[in-house]
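Notes to accompany the following structure.
Naming follows writing order (A, B, C and D), and every chain is counted from residue 1.
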């Protein structure tokens, strides 16, 4: 589409921390990389104070800053509201944006509880607005390839799943309390387990039964960095779970934020009757695929390249790796496409709600020491 | 010790299949590699027929063959009875050898049920004979190093475990029934899950609680290779389990003989508060260790060498890999040492019994869909 | 620095192919990621036709397009001229930009011959303008870490070098002629060998003597994609070289564009008396470092993170990989810093000239079948 | 063949150091693993003193020991003479064994100079005796697979070679002088470069032209372990070479015994027009193969298994790794086969002579700073 005849859409970004900057950068880059039906304009940025918002707006290329997120949501210059504020605020912000008829792009987790996520989902569906949730790891061309391989039957009938998201950011017993350890919606399972749950669902469909062991490794943590005062931790540092998919496949899954030595082991192995596919975010530009048998069989390391869309948007030659921030660009491209065409995003609020329900089913299974069936 | 003043011990080997040959080769090699207090003499080999036994005795360097394993067990020329016959025969053979006062070296699993394994263990302990069970993967210098690292506190307090034994030898739906699929003692969990359970216990001690999902992937299999007649399969092809160790550590574990693409993924990751250690039998001469933090931290790939006993018995320089058969040589060296000195082997019958109990607890947990506590 | 008080600089981009888009994207993103003393404004884009230029200007966020690169170079709105046009045009464009007093950012190779590169370098130095050349792989935080490790003496005295840049884009005998196979400045050595030469110099300093074997694997290629008409190839498909550094270190180096199976094996191993460091662009977010000895020694895989500047500009947590396009953002950040402060870039024209001279010394060594000493 | 009707052959082993024990172990094991036309009997072992020889004979299972290697060579009980004595003695011992009509199995390098190796080769060929040289790394089933893949054309026309043998055993500047640094026949190139040269020839045939840089990294070394007295080193610690094969293929090769961090990087990459194959002894049970193109292409990691002869002699299932000592068993099996049938071994003395000539051509090329053509 010619750039000159393209309509534009104003972006209203709430929050300018790590994820806020990541969104801003994606909206700045996406137009030069993807041929989209609409041009994003960085319109308004909201943050805690007027000063901070104004400064960040300038730094991140937004037209103006504001301390009033409600005004941002209702601003006529804004067509898409991107929410990167603390999880506990997601519901209020999203409901306001939905009420204003805006497309809503919310960071994960969708909210702090499944009940809250359900309210958000129902409001969005009733209003008919486009929604998207930031499970960025699903955007990887290698993950898209994995799904294609699974769905096409290249590895035969799927027989098993093994998944994990392990990082080390809370492995220090003196890592202090934060929003991450908030009894409401916190813990390793909610924080990063949600990534591997969303991945599992993305690849193999709904999870219907779970057994789980949610473990608090360090019973207390300092109330603040360096503080001598400690407070009990009530959320999990590590969860191991058994999962049963609707399709009949069974497997296991781990979430661990105290995994010393691991910075991003978001990994899976999907086994089939005729092959298998493995992936780890530690080598995010590779997918390992095994098919066939005999004296030449084994896992082939497939490197990302132009034959794995949408890699080609970033580079016309293979071997030029995508990075984490590029995943966010892909996410934003899908969002803009859906906004312009009235299409849908994957994952949207509904899908993120299902992830949240799975998290809570695992927490319940751990507390009751029994298998829990997910309501359909 | 001077070779000339060494006493010798006669070996009586029952069975000359894959494992029998592996034992024979180990007894043939061990004397030239280890400086042992006793010299093994390949005395008698028993197999199904006189002809087969005689032929195999000649091929494997034994003084004579016999079709009568009872005679072998009671033969004065035999001091150590090595049992590599089908699992269902282990108990009878071991009890006879124990009754004859012989050292007993039995292949894993010790028997088909924990009840049978208990009878064997109690008989051996009552008779005071030396016993050893062939969990050969524990003999790897890299596994010994892992245990040392864990016990010394180099990785701090242990916080998590993740283990797996995955192979592909039953991934073909047309792989036929065999002793492996025998309702009595068969299945992936019993066959190879026992390896990762023994490894987990070896590294972290007793497992006290389990939740598990034992899954039969292919409901029927041919009754024989190439047969059109199919029969139901009642054992598991794949088991995923949650485990709780006596020490308080929790983790997960998988046994899978239908893991397409995997030929020997016997692997573990042990995480601690200050470090982590990972291993896979796929690269059996390496151990990956992470300790420390900061700009130079990460997993170090340690390659087996003379500073990792007993590697030095095989080669005075690093980089010259050990192979699978060498693990059996190490096992046999420990056995001969224990036989000569009246010491004990690890694992002995008692330890193998505990592995068997853990297998059965997982099977029960899967059937009852509940956590099962292991009796102490 | 506050965004509001920042001055801005206009970017004039010549060329909008792969590298042109890559530049445009970097200028679009850099402001939100780095805190720079100057704000880049995408001012003018020049390309072959007015129509193409206008369209690309819109797509890539430039104020306007033009078919007249000379006008762009002299435009008062332009402070930095970025050259991504064919190599054969680099000299004319750069000389014009230098004459206009502009900062010049030129893609590699600097020019088609060392003689031409020398003219460019001398003109730039005489005019005192800032220059930068796009050897983007040097910008990797992991490469910066490698240089730090080498310079700090962590691996002791350097004793050996082993380098390679291997890709597969010309491995098909029917890959046609293009600017890459132009007798003037073409060939694998000039095209990608220049990357590993620049890397070698970046890490270990000047190369003073070379022996080389420049090999044309496929003697003819089609004159155009799919054409039946073939024309002789006079440039190398693969070069192997021995190199001697000024420091006394010796080593080897390979350039290969017919390396079937390799998409980006830009790799090196630098060995020292006390350690070694290895890298491959295939895993561009990792550096492998070995120091120390004994039972825990081995190569440690260091993963990129905030403790490896400037990674932290892209993400505050480790494990979130950088991609190829991010390297260009780092390059552009250095350029803008140098432009604003009158500092210098590394590599600048002078350094790129030395790379070009090394390429030509290797070509001469291959033709004369003798070692060639580089003029200092 | 039935064991009972097999003839036997007596082994006379000279030397009982690392390699001597390795030979002894191979002769002890080979009969139980391979079905051979002849049974090896460990007859006589010679070493420096009567006492040492007698003790070692007992430890390694030989009938008797002797301090008189000449007597061993002429002993009627000995059919195969295995030479693991210092290199400088190889010629005398081999010539004596040849004169006695014995099969000769000599450790590598065949001798200290090509002139000496030529005398040995001509004597053996004149006498018509079977010869074998211990380039054990060629025996690996994965190397055999690589050669098969190359010869069958699976990777198309071969276009390039890249080889290396790097270890760290002399990386310490205080590693003392020994036979390895003897001006006559010593140095990294002769010691381990011979392995990668033999590998290159095994895979791609004769090398006809070389350019090389033989480098002494540490100009002096202690005359003995711990000594303060240093003596100049005149042999190379590291050699980089360019090679041209008779087939027209060109490539490079490195020998390095001061490669800190490397314990056994005997590695190669053979590139073809349609594929490539890579190997490193660091993962000696794997071969990486790339063929094909498109969205599923990449390097496949092939794990050793029964479909890669003679792996199946050691184990009927894949995933059970071979180790270094097993390579020696394969070597000895070929030797016994050739001895019994009057066949030939690969490599024999003639082939080892060609390796030695290539070493000397590289040394000459380095000294004369010019390309050297090998006499045919």
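Basically, a contact is a pair of C-beta atoms (placed from the backbone, for glycine too) under 8 Å apart; a residue touches a chain by one contact, two chains touch by 3 or more.
In UniProt terms the chains read A, B, C, D = Gfo/Idh/MocA family oxidoreductase.
Bear in mind that the values here come from a model prediction, so they are computed numbers and not experimental data.
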If you apply the touch rule, which chains end up adjacent to both subunit B and subunit D? A, C
Quick check: more C-beta contact pairs at B-C or at A-C? A-C
Of all the other chains, whose mean CA position lies farthest from subunit A? D
Among the chain pairs B-D, C-D or B-C, which one reproduces the interface of A-D, with more than half of its contact pairs identical by residue number? B-C
Measure off the straight-line distance from the CA centroid of subunit A to the CA centroid of subunit B, and report it in whole Å. 42
Subunit B-subunit C separation of Cα centroids, rounded to whole Å: 54
Take the average of all CA coordinates in subunit A, do the same for subunit C, and state the distance between these two points in whole angstrom. 34
Among the residues of subunit C, pick out those that touch two or more other chains and give their numbers. 262, 297-299, 303, 305
Considering the complex alone, what residue numbers of subunit C touch subunit B? 145, 289, 294-303, 305, 307-308
Residue numbers on subunit D that touch subunit C, as the complex places them: 155-156, 159-160, 162, 164, 171-173, 211-213, 215, 217, 237-238, 240-242, 244, 250-252, 254, 256, 258-262, 271-276, 290, 298-299, 369-371
Contact set on subunit A toward subunit C in their complex: 2-4, 18, 21-22, 24-25, 28-29, 31-33, 35, 55, 58-61, 167, 169, 262-264, 281-285, 303, 305, 314-326
